[in-house]
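Some structures to go through are shown next.
One chain, chain A, appears in both complexes that follow, with chain B as partner in the first and chain C in the second.
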Partner chain A sequence: MRHALFLAWCYLRFHRVKTVILIAAVTLVLYVPIGLRVLVSQSARALTARADATPLVIGTRGSPLELVLDTLYFGANEPAPMRFAEVTRVASSGLAEAIPIYTRFRAGSHPIVGTSLDYFGFRRIEVAAGRQLATLGECVLGANVAATTGLGPGDYVVSSPESVFDLAGAYPLRMAVVGVLARSASPDDDVIFADLKTAWVMAGMGHGHQDLTAPQAANLILERTERTVTANATVVEYNEITAENAASFHFHGDLAAYPVSAAIVVPPDQKASALLRGRYEADDETVLVVRPSTVMSSLLDTVLTVEQYVLAGAALVGVATLGIATLVFGLSLRLRRRERETLVRIGGSRARVATVMAAEIVGVLAVSALATAVLTMLTSAYGATMVRAWIRS
Partner chain B sequence: MTARAREAGCRSRGVGTRFVCAGTAGAVAAGLLTSFGVMAIGLALAAIVSAAGSAAGEAERPGDQPASPLVVYTVSYPLQYFAERIGGPAVRAVFPAPPKVDPAFWAPTSASILAYQRADLIVLNGARYARWTERATLPLARLVDTSAGFRERYLVREDTVEHTHGPTGAHTHGDLAFTTWLDPALAREQARAIRDALTTPRPQHDAAFDAGLASLEHDLDALDREFRRITQSAPSRLLLASHPVYQYLARAYGLRLESVHFEPDEEPSEEAWKELRALVERHAAQWMLWEDTPLEATRARLAELGIESLVFDPCARVPAEGDYLTVMQRNAASLARAYE
Partner chain C sequence: MARVDAIVDLERLDFGYREGGFRFRIPSLAIARRSAVAVIGPSGVGKTTLLHLIAGILVPDRGLVRVCGIDVAALGDAARRSFRIEHVGLVFQEFELLDYLSVLDNILLPYRISPALRLDAAVRDRARRIADELGIGDKLGRHPDCLSQGERQRVGICRAVLPGPDILLADEPTGNLDPGTKERVLDTLFAYAARTETTLVTVTHDHALLDRFDRIIDFQDIGAAAAKPGDTGHAPAESAR
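The block that comes next holds the complex of A and B.
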């Protein structure tokens, strides 16, 4: 048997191009349906888990799917902003807690999520290194952000300008990294968290600047009366919030009118949830309340439908591939008739020759099965990371 | 199409798939059927995998055990006093500002803010009191703005300077009077807000909280009657305040009060004296209310102008002696001297 395997190995090695093509074809035929099933089942479980863990989401009327994807997975398509008053409206109803989410800004490729401290308790995310957010201008990093950037407590992150040509727009804010969150195997690992008010500072709604009533600012003053001071545009506005200038930071106007992307709503029970949803049923209501589990189920319905088509296509391709492989093996055996006769003439029995040929086929199939197993494991382990970047791009 | 699909904003198109969702779902589904269909679906589904979420729920916080007292952090002493009176042994009210610091302008350290974050409730005064809370990261769900119920009755300070620069328009940095608790009627409303906030996490103590509130309201009503009795004896009496902190007291009792900016532990500048003399020419008050005992030199110089000094402690800080109620009773007795 050992000799038969040796001869089979020598043959496959000599015809390495044909062997590799065969292995690749058989591997793909096996991997596509198996890998797809693994992904689908894992995806469905994971998607349902995060959606089920998020009772309700409110946001400005529009696509429920975009609203949920942005709120749960921090996608690139930020929904139309909602007034912060809607967050306080939910909280003041006494029916639920509301956790604001503001995803307008990024730092490089990483989303910056402006939220309240309640988010970390809600998602059960602990700080693994450093400390929790305490003041304006601080941020904490998701585990993957810290790992890929090499940043940690004591470092700084600068928010990306939205447009270099928008001179009157939001300016970058240099934020101090005060903590790194524990890994949660969720999209929370891939984002930078800051206080909602810090995100509003990035948006230019809050700022800190020189004290215009101080004598040192005299050269900036265009007009000064008993009740008003008008300064020119050269007033230095701070792009970093420090202990020294923190007291000068302030917000303009009514905070109720400030924007958030959405809010996670956490009612204590089903009754409160139903009552709250009922309050947003009016036709003239500008705010949408959705159950992420329902929205994600509908998305899964779509994906599963598509999957059926893909599997059917894969089955057809598989049959064709196996047919071609059979043909290749058959033709190969015919072409190798003189080789088999030579083996018999030099003393090999017909059974031994058949064993050599069978070993070649089994070898190709075994390597293909092994490659399929490896690919499936890789899909299970790293597919998520690859597509996490894809979904946010 | 399933009902759930309809709810998610899907609509039938009949192009290859049974239906294609509008917006993102459409993009996802269509992408799955392109020439890279297999890989696309892999990517799309892996995206779902990437969304592996953790189970949600409320994190445990100090005081979550029903038997342990509810930990309540406040931003001023009056609020701590109210919480203690209402909550009794079911509440541990904490006001961590150092005793010598004015809580309105306190800048707590990160450690102090983290201590606030761990509290079961954080009781705010509102009216932009303790501006540090606007710059701190605090859990929204545990914040209690005790003056939210009377926002329309906030008083705007008249001594702030509005400024304009760049495209943001005119704005001010500190435009509201904030010593709301000096009006006993408003203090009562703040106390009720605290009672309501305590009841939510500790409904089993509802009756005890009601009893605590009733007792506190009784004392505040008595204080209100006393202030009213004193001030109504001479409603036209002119008064001065060393600092603009008595706006709500003045409104509640119709005090004819004008303010300067004298510090009790500093001698006023000559410019400040000049402003005072100008003020007295049109507002001939004979008494000045101080937050604390002024320097003897200041008191003497005021006496030369015919102005007597009396201490009316707003009691924002923990008093050296007594409590909020006894301080307010001392304030009433002190104020009575101006109305004799």
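The block that comes next holds the complex of A and C.
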């Protein structure tokens, strides 16, 4: 057998271009339906698990799917902001806890999620290195962010400016990394968490600057009244919150009007959940309450329908490709007829000659099956991560 | 009854292809051991068929084909293949080398396609030695498409002689070669056959080469030996030199 395999290997190596094309074609035919099935089923499992673990989400009325994708998976399409008052409204109703989520900002490709400490308890995320958020201007990294950036406690992360041409807009904030979260195999691994107020500082709603009541700031003052002080543009505004300047940071205006992207609502039981949803059903209500499991179930139904169409298409392409591959193998055998006759004339045994001829086909199919298995394993290992990245992009 | 010292002994041979048309009979033909025999005649009279019958590639409808003392026609297919690879070396006009194998692997090919031969280090050494003797020892790693016609035929000869056959059957081995190369290839073939006392049976159209052979079997003299009235078969006449 080893001699037949050797001859087959020589043949496949000599005709390497044909061999690679055949292997690629057969691998694709095998992998597309299998890989798609694995990808859909893994993604469905991951998406459903997170949705099922999130009782309710509230946000500004609009697309329930966008609201859920942003709140649970930190997608790139941030929904219209909701007033922070809606978060306190839920909390003050006594029917549920509300955990604010503010996803407007990013640091490079990683979303920055402004939230409260309740989020970590709700998701049962532990700190693997360093410590949890404690003061303004700190952040903790998801496990994948730490792994890909190489950052850890003691390092710094700078939020990305939204637009370099928007001089009045949000300025980058340099945040101290104080901890890295334990891996949770969820979208939480791929984001940077900061306190909600830190996110508001990024939005320009809170800021710190030189003390204008100090004598040395006198030459910066343009106008001083009982309630307001107007300074010129040379006042130094801080882009990092440190122990020295933390006291100078303050927020202007009514916190209730500050923005959040959404809030995760955690009622203690079904009754509280039903009562709460009932309160948001009025036609003039500007806030939407959704059950993530229902929204994701609807999305997955659509995905499964699309999958069926894709599988049907893949099956047709597969039949055509296998037909062409069969034709190629058949033509190859015909082209090798003279070689076969030579082997017979020299005295090659019937079994060896047949094995040499068949080994080309078996070799291509075996390598294709192996490649398909490897691709399927990679899909199985990284499929859910890829889907999460796709949702975030 | 087998003739003394005949390596090939054909008696009352009758052969026709199943598709019909061609048929020949040979009443009696013996080829002596260690002889160099040329088979000549016009195209289509059965020269290659004769070689195939001797090699056991074809089986006669009737008659005896005894080669190396073995009744080849009586063997089954597997046994005939083993007989062929052990006792017969075949050299082809078109060389019939496998383009995807190196020169060395082409030479070793018989050992890879039959369980009757065992490939080991000694065989590899012998292959290299024979290749050196035939002047292609420095081209063992090349593929046939990187060789000249003459070099390819020498690879074909190496492949045929490596198992140490008792008889070499060459089907127009110089048919595709230029005159200079033709002489060198024939020199190689004759020298090897003489040194190893191997019987050489060569089909050729080149009458200028006939002086080099001990004996000539001419298929042109149809009917001289055995064809009866009404027969469409061919039978060769022969002349010893």
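What we mean here is this: the second predicted complex is superposed on the first by the 375 of 393 C-alpha atoms of A that agree within 3 Å, B and C clash if a C-alpha of one lies under 4 Å from a C-alpha of the other, contacts with A are read in each partner's own complex, and residues count from 1 in each chain.
Everything below uses one rule, namely that a residue touches a chain if its C-beta (ideal position, glycine included) is under 8 Å from a C-beta of that chain, and two chains touch if they have at least 3 such contacts.
Note that the structure is a prediction, hence the values are computed from the model and not measured.
*Asks:* Which partner does A:Tyr11 contact after superposing on A: first (chain B), second (chain C), both, neither?
*Replies:* Once the two structures are laid over each other on A, A:Tyr11 reaches chain C alone.
*Asks:* Quick one: classify A:Leu47 as touching chain B (first), chain C (second), both or neither.
*Replies:* A:Leu47 contacts chain B only, not chain C.
*Asks:* May I ask you to decide whether A:Pro267 touches chain B, chain C, both, or neither, giving the answer as first, second, both or neither?
*Replies:* Touch status of A:Pro267: no partner.
*Asks:* If you stack the two complexes on chain A, which partner ends up touching A:Asp195: first (chain B), second (chain C), both, or neither?
*Replies:* The first partner, chain B, only.
*Asks:* Looking at the overlay, what does A:Gly347 touch: chain B (first), chain C (second), both, or neither?
*Replies:* In the superposed model, A:Gly347 contacts chain C only, not chain B.
*Asks:* Report the partner of chain A that touches more of its residues: chain B or chain C.
*Replies:* Comparing chain B with chain C, the partner touching more chain A residues is B.
*Asks:* Report for A:Val356: first if it touches chain B alone, second if chain C alone, otherwise both or neither.
*Replies:* second
*Asks:* May I ask you to decide whether A:Arg123 touches chain B, chain C, both, or neither, giving the answer as first, second, both or neither?
*Replies:* first
*Asks:* Enumerate the contact residues on chain B facing chain A in the complex.
*Replies:* 2, 4-10, 16-25, 28-29, 32-33, 37-38, 41-59, 61, 107, 110, 113-114, 117, 131, 134-142, 161-171, 173, 200
*Asks:* Report the residues of chain A in contact with chain C in the complex, numbered from low to high.
*Replies:* Spelled out, the residues of chain A in touch with chain C are 3-4, 6-7, 10-11, 13-15, 338-339, 342-350, 352-353, 356.
*Asks:* Could you list, by residue number, the parts of chain A that touch chain B in their complex?
*Replies:* Touching chain B: residues 32, 35-36, 39-40, 42-44, 46-47, 49-51, 53-55, 63-66, 69, 72-73, 75, 77, 87, 91, 94, 97-100, 116-118, 120-125, 131-136, 138, 168, 178, 184-188, 195, 197, 204, 207, 209, 212-213, 220, 227-233, 235, 237, 241, 246-247, 249-253, 266, 294-295, 297-303, 305-307, 309-310, 313-314, 379, 383-388, 390-391 of chain A.
*Asks:* Okay, in this complex, where on chain C does chain A touch?
*Replies:* The contact residues of chain C facing chain A are 52, 55, 57, 77-78, 81-86, 88, 90, 92, 96, 98-101, 105, 109-116, 119, 143, 159.
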